[in-house]
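Each in C-alpha cells, the structures are laid out below.
Below are two complexes that have subunit A in common, paired first with subunit B and then with subunit C.
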Partner chain A sequence: MNYIIEKKQLEKVLKAWSADYEVYAPQKAKQFSAFLPLGSSDLALDEPHNTRYPPKSLFLPQTEVLLRYNSRLNRLEDVEFNPKQRILFGIHPCDAQAAALLDTVFDTDEDNDPYWSNRRRGTLLIGLGCAEPPQTCFCTTVGGGPFNAKGLDALMTELEDAYFVEVFSEEAEKLFADLPKATKEQQNLVQKVQKSAVAKMAPAFETEGLKQKLDDNFDSEFWAEISESCLGCGVCTFLCPTCFCFDIVDEVQRSERVRNWDTCMFRTYSLEASGHNPRPSRKERTRQRLMHKYSYWLDHVNEIGCTGCGRCVRYCPVGLDIRAMLRAANALEMEPANA
Partner chain B sequence: MPEHHHHHNPYDPIPMHILRAYYESTDRSLKTFELSFDKQADSEAFFKAYNPGQFCQLSIFGKGEAPFGIASAAWEGEFVRFTVQKVGSFTEYIHTLKAGDAIGMRGPLGNGFPLEDWKGKKLVIIGGGCAFSTLYALTKHVQHPQNRPDYDQLVVIYGARSSGLCMYKHDIQSWYQNVDFEIHQAIDVPEEGWLHHVGYVPDVVREVAPSPDNAVAIVCGPPIMTKYTLPVLEELDFAPETIFTSLEKRMKCGIGKCGRCNIGSKYICKDGPVFSLAELQELPDDI
Partner chain C sequence: MPEIKEKITTEIKRLLDEGLVDVVIGFKKEESPLRPQPAFFRKVDDLADLEYNGLCQNNLANYLTRYPPETRIGIVVRGCENRSVNALIVEHQHPRENLFLIGVPCQGIIDIKKIIAEVGEEISEFNEDGDEVILVAQGKTHTFKRHELLHDSCLRCVHPNPVSADVVIGEPLPEGDPEAIRETVEGFEALSKEERYAWFKEESERCIRCYACREACPMCYCTECFVDNATPRWTESDISPAGTQAWHLIRAFHQTGRCTSCGACERACPMDIKMTYLTDKLNKDMYDNFEFVAGMECETQPPFASFNLDDKKRFVV
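Coming up: the complex of A and B.
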C-alpha cells in the first residue's frame, strides 16, 4: 500500500511514532548532519548527500560495552540491549543495503552477535530515496539504486509538499495505517522522479570481470601506484557503511570489556606480536580494503561489499577516489595467476 | 512488537578455574594449565563440540584475551589443557596463576583437524616448539583404544630448540614403548645424554622420509619451520591435498566477526585455523 505524509504533517507524525519507538532521523548537528534521536536538532532530510557518519553506528556503535566486571574480576550481569524499538527515518537506500549486507556477518545462525542482532531486529528502516544523487554517489554501478528497496521497511519519494511512501513490511504498515492513501496521479509522478534519478547516474566503472582482474593482479605494482598519496588516516573505512572490523579491549578503569571500530588501513591492525606484519605498507592495506569489498565479499555472499554511498570519495583528505582506482584496475592487462 | 532474542552470547567467557598448573620447560618459559569448568552444563557443551586442532580464547577481565591451541584430548578427563609460552604481558600474567584461580575461556573455536577424512590413513604428525600442543592433543586422541583402529600407522616428529624446551616429556617418553607408532624427537644442537635426533625439523623429516602412501602429514610449528618443511614433504611426494597446517593470526573475536584474521575469502578463526596446503595455495599471499 502507498501512503502520503504531507510535509506540514511530518513533525506530528514523527512525534506520534515517538510514543512507541525511539525515532532517529538525519539532523543538523554542529558540524555535519547525523542520525540523532528525534528532537536533537533541525531535520536535515533535504540534504542530498548522506550523513557523514553512516547509520551503521546505531547497530555497531563506534565504541560499545560488551561485558562488565567487578573489581574481583568476576563477570557482572548482561549489558542492556536497547529494549525499545527504533525507527530509522530517512535512511538512504545505500545505507539500508549496507545494513542488510552486515546482517550476513553478524546475524548468523551460528555464533550470532547478540549486540548487533537485538538492535537490528528491533529497528524499522524508513528509507528516503535520492531524487538528486550527488556526483560522489555510484549506487547503480554496484547493484543498488537511488530508490532501491533492499533492506527497507518502507521507501519515501519526496514530492513538492509531501512524501510518497511505499510500504514493504507489516510492521511498517501499522505506522502508516492512519495516513492518507496516495493517488494514482501521485504514483505516476513518483515513477517519473525515480526513473529520472536513475538516469542521472552514469556507470562509474565496469563491474563485469572486475573481481577476476583484482584477483589476478594481487601482486601487481598497481596497488603501490594507487595508494601513493594515501595518508593512512582510515576515514574511508570508519565512514564506510559496510566496514565492520573491530578490536576488543578491556577498559580497566571502567571495568568494562569494549569493542571499538578498527581499520585495516592502520599499520597496527595487522601487526603481530612477533613483529611480523603481513600488510606492512599502505600498498597492502589499500589492497585489503578494495579486495575485501570487490572480491572477498563476492566469495562470501555473491554481492559487492560496497553500496556506492560515496563517503570514502567525499571525505578522503587527499581526494582519493575508489571509482578511479577501480577504473584503473579495469584497465590493467590480465596477468597470469601467481606471476 | 519487538522480539528480543536472548541468544547465547559468544563474547561471554565460560567461567573456569585452574585445576593444575606446572612448568613445562626448564627455563620456565612454557607453563601448562589444565582448566576445569565451574558449571557442568558448560563442560557438556564444550566436549560435545570439541575436536582436536581447535583453539580457545583465554580471557582475563582487565587483561584481555588471547588465542591458545587446545593440548588435551576429550577422553583424558573433564579438563582443557593449554601450554602457554611467556611472550608478553598477557602471558606473563597467566603464568602467575595457580591451582584454584579463576579464568575465563571462550571456545572451542575454529574447525579443528578433519579427523573423519583422515580415517583409514597413516598420520605423519610434524611439530616444532610450543605449536606442538594441538598435535599433542591429536596424538592423544588417536592413541585412545577406541580411536586407534580408525587410523593406520602413526608417525610423530617433534622438534624443540633444546631438551629443556621439550614438552610433555614423561608422556612422550612412554610413547617409545608403543609398537604401533613411531616417535622421532629432535633438538637443534647436540647435548650430552640426548639419545634422539639432532637437527632442524625439516632435516629430520627428510631423514625419516615417511612414505606418502595412504598418508596425510600435519605440520604445526613456527612459520620458519613450516616454510622449510612443506617443500620437504613435496619432495617426498605428499600431494598438497594431503598436507595440513594450522595458521595463527591475531584473532580477537574468534567467531568470524571482527575481521582481523581475514585472508582472501577466509577468516582464519572460523574457516581455519587448520587448512590443507591445497587450500592455502588458493589464498592470496597475505599471510
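Coming up: the complex of A and C.
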C-alpha cells in the first residue's frame, strides 16, 4: 500500500511514532548531518547525500562494551541491550542495502552476533530515495539504485509538499495505517521521479568480469601504483556502510571488554604477535580493501560488498576515488595465471 | 596559475630528462576538479596529468619519509611544505643533498569544505584569476575572493614563500602578518579554564580515531604511534572521551617545535575537528620562550629535541 505524508504533518507523525519507538533521523549536527535521536537538532532530509557518519553505527557502534567485570564481587555483569524498538527515518537506500549485506555477516543461521541482531531486528528502516544523486554516488553500478527497496521497511519519494511512501513490511504498515493513501496520479509522478533519478546515473565502471580481473592481478604492481598517494588512514573504511571489521580490547582499568571498529587500512590491523605483518605496506592494505568488496564478498554471498554510497570518494583526504581504481583494474591486461 | 603549472612542468621535465632525480612529488588532476591528488612523477609522459592550483590540499612533505635516504627526490613545495621538509631534514629523515625543492610562493590553500558550504560539491570547473576564484557548480558560475575560501590556517599564514628551495617558480609574495595567528591563539588563551576545556571537549570528542590527521602530517612519521602501542597501552583504545581527548592532546604535544602550521591535519579530518589551535598555541610558546620557528632552516634542532651543556637555564620547560 502507498501512503502520503504531508511535509507539514511530518513532525507530528514522527512525534506520534516516538511514543512507541526511538526515532532516529538525519539532523544537522555542527557542519554536517548525522543520525540522531529525534529532537536533537533540525531535521536534515534535504541534504544531497548521506549522513557523513554511517548509520551502521546504530547496529554496530564504533565502540561497544561486550562484557563488564565486577572486580569487587569477582563476577561478570550483564551488559544492557537496547530493548526499545527503533525507527531509522530517512535512511538512504545504499545504507539500507548495506545493513542487509551486513546481516549476511552478523545474523545468519550458522552464526549470530547477538549484539548486532538485537539492535537490527528491533529497528525499522524507513528509507528516503535520492531524486538528485550526487556525482560521487554510484549505487546503480553496484546493483543498487537511488530508489532501491532492499533492506527497507518502507521507501519515501519526495514530492513537492509531501512524501510518497511505499510500504514493504507488516510492521511498517502499522505506522502508516492512519495516513492518507496515495492517489494514482501521485503514483505516476513518483514513477517518473524514480526513473529519471536512475537515468541520471551513468555507470561508473564495468562490474562484469571485474572480480576475475582483480583475482588474476593479485600480484600485480598495479596495487603499488594506485596506493602510492594513500595515507593509510581510516576515513574510507570507517565511513563505509559495509566495512564491519572490529577489534576486541580489554580496557582493564575500566574492567570492560570492548569492541571497536578496526580497519584493514591500519598497519596494526594485520600485525601479528610475532612482529610479522602479512600486509606490510599500503599496497597490500589497499588491495585488501578493494578485493574484499569486489572479490571476497562475491565468494561469500555472491554480492558486491559496496553499495556505491560515495563516502570514501567524498572524504578521502588525498582525493583517491575507488571508481577510478576499479576502472584502472578493468583496464589491466590479464596476467597469466600463476606464471 | 596556469603559467605556474607550466613552469613547474618544465622544471620537472628538466629534472627527469637530466636524470637528477628518481621521482618528483607533486599533484595530478583527478576526475573531479575539487580533488587533485598527490602524484609521483617518474616519467616525462606522466606530466600531462600534473596539477597545481589552490585546491591542492595536502602537505607533500608527508611522503618524504616513505623513501630510503638514497632516493633522489624532487618535490614541489609551498611555504609550509618547504618548512616541513626542513624540519624533517633536521630530524635526519632525508639528506638535503638528495632533495631537489621546486619552490612555489603560495597564495593559500582553498578549503573544499568552504566551497561545498557555499555552492555544494557538484563542481564542474575551477579557475583562479589573480585574487579571484571562479567556480562552475551545476551550470552556474560563482566568483569569490580568494580569502573568502582560504583554509583557516592559510588565512593566518606568516611565511607563504619557500625558504630554502633549489629553484623558485613565480614571484615571492609579501610575508603574512604574524599578528593574525597570535591574535587567534590569544583569543583562545583569554578564555577561562572551563571555557577552554569545553572547547577542547567539543572538538576532540567528535573524533572517530581514523588518524587521518596523523597520516596527513609530515611530522607524524613514527613507525609505531603511541596509540598503536599495545605494551604498555598509553590511551584507551576506543572513542570514549578519555580515549579521544588523550589522542588529541598527545598528538599536539608531540608536535612541539616541529609543526609548521600547514593545517593539513584539519583539512584531512572527516569530522571537521578543529585542532590547529592546539599546535598554534605550542608554536607561539616555542617562539615566545625560545624564539624558535620550525623549519625556517635545516640545521637547528627544535628546543625540546636539543641538549646543551652550556644551557643558561637549569632545566628547560
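Going forward, the second predicted complex is superposed on the first by the 333 of 339 C-alpha atoms of A that agree within 3 Å, B and C clash if a C-alpha of one lies under 4 Å from a C-alpha of the other, contacts with A are read in each partner's own complex, and residues count from 1 in each chain.
Here is the rule we go by: a residue touches a chain if its C-beta (ideal position, glycine included) is under 8 Å from a C-beta of that chain, and two chains touch if they have at least 3 such contacts.
Remember, it's a predicted structure, so these values are computed and weren't measured experimentally.
Engineer: Could you classify subunit B and subunit C on subunit A, in the superposed arrangement, as clash or fit?
Structural biologist: Subunit B and subunit C fit side by side in the superposed model.
Engineer: I'd like to know which partner A:48 touches here: subunit B for first, subunit C for second, both or neither.
Structural biologist: Second partner only, subunit C.
Engineer: Which partner does A:35 contact after superposing on A: first (subunit B), second (subunit C), both, neither?
Structural biologist: neither
Engineer: Check the residue A:24 against both partner chains and state whether it touches subunit B (first), subunit C (second), both, or neither.
Structural biologist: neither
Engineer: What's your read, subunit B or subunit C touching more residues of subunit A?
Structural biologist: B
Engineer: Contact-wise, after the overlay, does A:135 reach subunit B, subunit C, both or neither (first, second, both, neither)?
Structural biologist: Touch status of A:135: second partner only.
Engineer: Would you sort A:164 into first (subunit B), second (subunit C), both or neither based on which partner it touches?
Structural biologist: Neither partner.
Engineer: Applying the document's definition of touch, where does A:113 land relative to subunit B and subunit C: first, second, both, or neither?
Structural biologist: After superposition on chain A, A:113 lies in contact with subunit B alone.
Engineer: Figure out whether A:249 sits in contact with subunit B (first) or subunit C (second), or with both, or with neither.
Structural biologist: In the superposed model, A:249 contacts both subunit B and subunit C.
Engineer: How wide is the angle at subunit A between subunit B and subunit C, using CA centres, rounded to the nearest 10°?
Structural biologist: 90
Engineer: Identify the partner contact of A:222: answer first if only subunit B is touched, second if only subunit C is, both if each is, neither if none is.
Structural biologist: Neither subunit B nor subunit C is touched by A:222.
Engineer: Give me, in Å and rounded to a whole number, the least C-alpha distance separating subunit B from subunit C in the superposition.
Structural biologist: 8
Engineer: Both subunit B and subunit C touch subunit A; at which residues?
Structural biologist: Touching subunit B and subunit C on subunit A: residues 247, 249.
Engineer: Touching subunit A in the complex: which residues of subunit B?
Structural biologist: Going by the criterion above, the answer is residues 1-7, 9-13, 15, 60-65, 87-88, 102, 104, 223, 249-250, 252-253, 255-260, 262-265, 270, 284-287.
Engineer: Spell out the residues on subunit A that touch subunit B in their complex, using ranges where they run on.
Structural biologist: Subunit A residues touching subunit B: 66-67, 69, 73-75, 78, 81, 83-85, 105-106, 111-115, 117-118, 121-122, 215, 218-219, 244-250, 252, 255, 257, 259, 262, 264, 269-273, 276, 278-279, 284, 288, 291-292, 295-296, 299-300.
Engineer: Touching residues of subunit A toward subunit C in the complex: what are they?
Structural biologist: These residues of subunit A touch subunit C: 30-32, 48, 52-53, 62-63, 134-136, 228-229, 231-235, 238-239, 247, 249, 251, 253-254, 258, 260, 263, 266-268, 314-321, 324.
Engineer: Along subunit C, where are the residues that touch subunit A in the complex?
Structural biologist: It comes out as residues 30-32, 34-40, 57-58, 62-63, 113, 117, 120-122, 206, 208-212, 214-216, 228, 236-240, 267-268, 270-272.
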